[in-house]
Amino acid sequence: MGNRVEHLRAAVVGASGYSGAEVVRLLSRRPDVDLTALVAHSAAGQPLDALYPDLTGTVGATLTGLEQADLGDADVVFIALPSGEGMAVAESLIAGRARIIDLGGDLRLKDTGLYRRSYGHEHVAPGALREAVYGLPELHREAICTARVVANPGCYPTGALLALLPALQAGLVETEGISICSMSGVSGAGRSAKVEMSFAEVNENLRAYKVLAHQHVPEIESVLGEVAGTAVAVSFIPHLVPLTRGIHTTIHCRLRRPVGQEEVQALYRDQYASAPFVRVRTGPPEVRAVAHTNYFDVFPAVNERTGQLVLLSVIDNLVKGAAGQAVQNMNLMFGFPEDHGLRGRV
Amino acid sequence: MGNRVEHLRAAVVGASGYSGAEVVRLLSRRPDVDLTALVAHSAAGQPLDALYPDLTGTVGATLTGLEQADLGDADVVFIALPSGEGMAVAESLIAGRARIIDLGGDLRLKDTGLYRRSYGHEHVAPGALREAVYGLPELHREAICTARVVANPGCYPTGALLALLPALQAGLVETEGISICSMSGVSGAGRSAKVEMSFAEVNENLRAYKVLAHQHVPEIESVLGEVAGTAVAVSFIPHLVPLTRGIHTTIHCRLRRPVGQEEVQALYRDQYASAPFVRVRTGPPEVRAVAHTNYFDVFPAVNERTGQLVLLSVIDNLVKGAAGQAVQNMNLMFGFPEDHGLRGRV
Amino acid sequence: MGNRVEHLRAAVVGASGYSGAEVVRLLSRRPDVDLTALVAHSAAGQPLDALYPDLTGTVGATLTGLEQADLGDADVVFIALPSGEGMAVAESLIAGRARIIDLGGDLRLKDTGLYRRSYGHEHVAPGALREAVYGLPELHREAICTARVVANPGCYPTGALLALLPALQAGLVETEGISICSMSGVSGAGRSAKVEMSFAEVNENLRAYKVLAHQHVPEIESVLGEVAGTAVAVSFIPHLVPLTRGIHTTIHCRLRRPVGQEEVQALYRDQYASAPFVRVRTGPPEVRAVAHTNYFDVFPAVNERTGQLVLLSVIDNLVKGAAGQAVQNMNLMFGFPEDHGLRGRV
Amino acid sequence: MGNRVEHLRAAVVGASGYSGAEVVRLLSRRPDVDLTALVAHSAAGQPLDALYPDLTGTVGATLTGLEQADLGDADVVFIALPSGEGMAVAESLIAGRARIIDLGGDLRLKDTGLYRRSYGHEHVAPGALREAVYGLPELHREAICTARVVANPGCYPTGALLALLPALQAGLVETEGISICSMSGVSGAGRSAKVEMSFAEVNENLRAYKVLAHQHVPEIESVLGEVAGTAVAVSFIPHLVPLTRGIHTTIHCRLRRPVGQEEVQALYRDQYASAPFVRVRTGPPEVRAVAHTNYFDVFPAVNERTGQLVLLSVIDNLVKGAAGQAVQNMNLMFGFPEDHGLRGRV
């Protein structure tokens, strides 16, 4: 595995959701990738462009039910299903030849007890979970290249982890008292019919939700703990803001020692020197800079008066926070250049 | 002073800005208040409803220049000018009989050196500053009732201070490490022609600004220091979000001792039992609940895992964060019921 | 009927929807109105402010089911239910003493065959329909004052009819070829869980819908026909635009004779001289001028080059297009001043 | 001219505006195009990505003043300046070898008297005007291929003309009484500091502007007149709606003869069979389907009751309405496939 292939056969399960459709959109631009199946039970029989009219003329495929789909001959299967539904598909594929990229939350936590407490149901895909590599390329590039199964990170964890990792890896900040304030656009909640996601309820509104209880908390803490070599507990407050795409993450943590702004800036640049999608900024990053791109922009700012490091980061939740990162992982898994098909606006 | 008057004569200087026009809007609903002068140099000669067409039929007055305006016979003058411009007007009025409510930042900091460092110019209104009472009714109600001059709090400080005060006053939290993450709608920046405030730049965008350098930091720290009895340094990160009205404030601070959710909730309710515009919520507050109202909604949440108190609050930046609070102060100064003309949606 | 009452007992059926809740909001400001019952089957048992958190502190009432509600002793019952549901409630009340204001579409068309073709189901409330007066105060003020049942106009018809009536009544325009292009905010679709009304689908989007097939077409044509004394067929294209509140209507019709801009302007002013909520503008009206108000703003513009009259109008669909107009009708029915409790921003 | 070149040297004058920057963004994706100069007087010396942070990492160029720029060796110069400024640049280039694509309004009207009345100043570029071909590829493909100068169409005209042309060319509709109701996002007004374009004024607002007096009227009428073979006068009402990108155009015109929905649909499909960016829809088109694409989507609908043809169309004003169409024209001028670099989302 990991050798460059000439041509890839890809299937997408959950192609009618925002993340799944974004995978389709990204892959449809690739002459070196064939889309062999687009699966979506609720919309089976409809052409995908009935749901996403921008695709008319570029994606002509029709959605099929899972039973009707032949996933067997795909080289890679993207699973973009709600947590709890994706793992069954992953487990059913584990005996076959296809490599798997799961965009849901089912394969991100190795501790199935923690999974049950976080997601509210039992884990039923031990085989897929055993094979799964957490797919944050900037942290696990090597392992992803040879992985059979990749657990694509959550959108909030991507924005928070990439901001925190260099500081933690350098031992610059305390592992206690990390406070994460994230603000997400609405597409992060998926394509679904809910009163609280209707325009009239979201527009000219802003609110926190799942305060201290979001299912992404254990995911963030697991990765931070792995990097820090010790258990880490964070405070995570997600907010819903009136925009369609984008996550802005603002993090406070305590510095272990006085450090200058230049030094921190240099540390981040060094750490991400080989990461094609990380841009270390010298001022506050903006959501519009990353919308419809696979970039992660970060600005680390030292607060000398309080001895804190403030980290500001932005991503597009559907691209770097989901579909774009999934394709980035696919590139690594199959020997393509990491940023192939993902440069600039996508 | 402080006795109930039957009828009030009020003037507004800076009536063409968002805050000034909102003062006019609020006072125009009051049969017991006469608007004697609406001053706005840049738009002098225009009827106010040419700028705010909702006012057609309810406010027919024409804007005048400062030189043309007769402010001498007003009982109260609202000053809603950019910081640096308001203090000269205040100082010129201090020899007269009118009481003054300044919505700008010029009279909020008693330390003129701190003022200069924060606002970038010298303070030139010593007389007005000497008389000025910081107009946060929930903290300084008594002093406001008899004040000659009221310095109306800034929008961000209102949202942050009202959230923090009960915890600080009860000695529940450390004064170090207070991290304030605020998200503001665009009207807080005032009515002005700036590329970065244009719809095309703000919509589908979100960014922090003036990171660790906002002029509201010393205002917040001054009041917190007064309450805590010790110098307080906070980390304050303001964000610009795509909504017109509203500020959401999310604060992390460290608990001094373990405390239960119920106890904190009760503490906040007790502390604000007599505050007509504070609503202590049992879940995350929403901007839409306070838009076009003078309410401050707050939800204090204990994070037992990290030993932190998380405070979530919302206000309408133009009402409780500016014009509504100014009228609330006027009510106190002239003996009206505190919530007179300010109940419900305004 | 029509005599001024001192105190009114009012009930609202369908209080959990946007229009119904807006009726409650408006009536809660009235010391002369008691809310005796708030009915909402789907949310029965919940306090109304659980759905509309701005109401906390001003409306404390709990929603009840229709069976539990005692509507018998109300002076007036507002029905704000989806079309098809409201008429059964109206019919059940017709034997009692309460007067009825129906905000739905069930009692607006006298022709039950036309109703069936427009709404897709049979009409089952002959008694209520017989008593019903079409509640456009600017056209039917006299009849409304003494009506037992008022059919409150639809939001689109309000914006279109008030714009067209003076020109039609004056015989200024042809009754053929009237083209109506309306753009509505999302709250007009009601409070409901639909993918196509979710923020992510509406934001940065704009589309026409129900092209030439909207159920408001026969309502518009019926009233125009009544005024013109001849059958009128219009082309009506509604558009969904990304705003919460507001309808902008742009109408083209053919002038019967050359006419000057001044003459048309004067005609409109004369026609609406006694209408407290109509503002005839001399330039394009704006949605923000009428948001949260009961105003209807209109700008009639003569296109001399093409011999057309262009009519531009705006309303708040939830106020003048629904709840505000309903309260305006209530005022007329019970002898209050027409604009009582409805002046300025509400 | 018209032969395929291997490699193109392109310059952009006015690269700091929304349209100019979009040209840069589109060309930066092309390995076969070199950007030789990015000119912007107001921002000279700044890197373009200081204004458009999404470009960091893909466009590293710095803006230069016009005097400093060497446009002489470019194969093609894109001019994206406000009307009145662009023609001087075009005229100065006409003696050189570069071919010119002007995105402004200066070279679209052959009648300089009409130009003066529409734009308020004299025309001063007779040489460029003489060479200019109106760059609507779906109408003038042949002429564009060999043109020295292309006048790229305005955004509103693109949306209106492409909708009307098939019906007019087929003689299906009257040339009198064409009523055009357009709704545009804010980016169409360009990147500039204006109070009326600020977020707080545009959000939750909607208004018509330049009613019957927009400078695009003569452009539309000129092209329609050319196609119809007779003078055409239209009524054109542009509206500003709260979205960043996109124009929706709704047109009413009178049918000359009864025609069925199927026949019209077939006519449009036939007419645009070879147009790679036109999609004839069978239902109302949506702005989101064309945002960030070069597509023009149209839905022609017959209103049998009124004998009218209703045309609904959408474009992205910055792509098909400006930069995308300009690159489409460049493709034709230099022998590239018409849709080269413009497929799907761009």
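Letters A, B, C and D mark the chains in the order given here, with residues in each chain numbered from 1 onward.
Please note the rule applied: contacts are C-beta pairs under 8 Å (C-beta built on N, C-alpha and C of every residue); 3 or more make two chains touch, one makes a residue touch a chain.
Everything quoted here is computed from the prediction, not taken from an experiment.
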| item | value |
| --- | --- |
| C-D or B-D - the one linked by more C-beta pairs in contact | C-D |
| Distance between the centres, which are taken as Cα means, of subunit C and subunit B, whole angstrom | 37 |
| Where subunit B and subunit D are represented by their mean Cα positions, the distance between them in whole Å | 46 |
| Rounded Å distance between subunit C and subunit D, as computed from the means of their C-alpha atoms | 39 |
| Overlap residues in subunit A, where contacts from two or more other chains coincide | 201, 203-204, 242-244, 285-286, 288, 291 |
| Overall pattern in which the protein chains touch one another (line/ring/star/complete/other) | complete |
| Touch list for subunit D against partner subunit B, complex | 18, 185-187, 191-195, 197-204, 242-244 |
| Subunit C - residues contacting subunit D, complex | 176-177, 179, 181, 183, 201, 203-209, 211-212, 233-235, 237, 239, 241-246, 248, 250, 252, 254, 283-288, 291, 299, 301, 303, 305-306, 308, 310, 312, 314 |
| List of subunit C residues in touch with subunit B within their complex | 25, 28-29, 53-54, 56-58, 203-204, 279, 281, 285-286, 288-293, 295, 297, 343-346 |
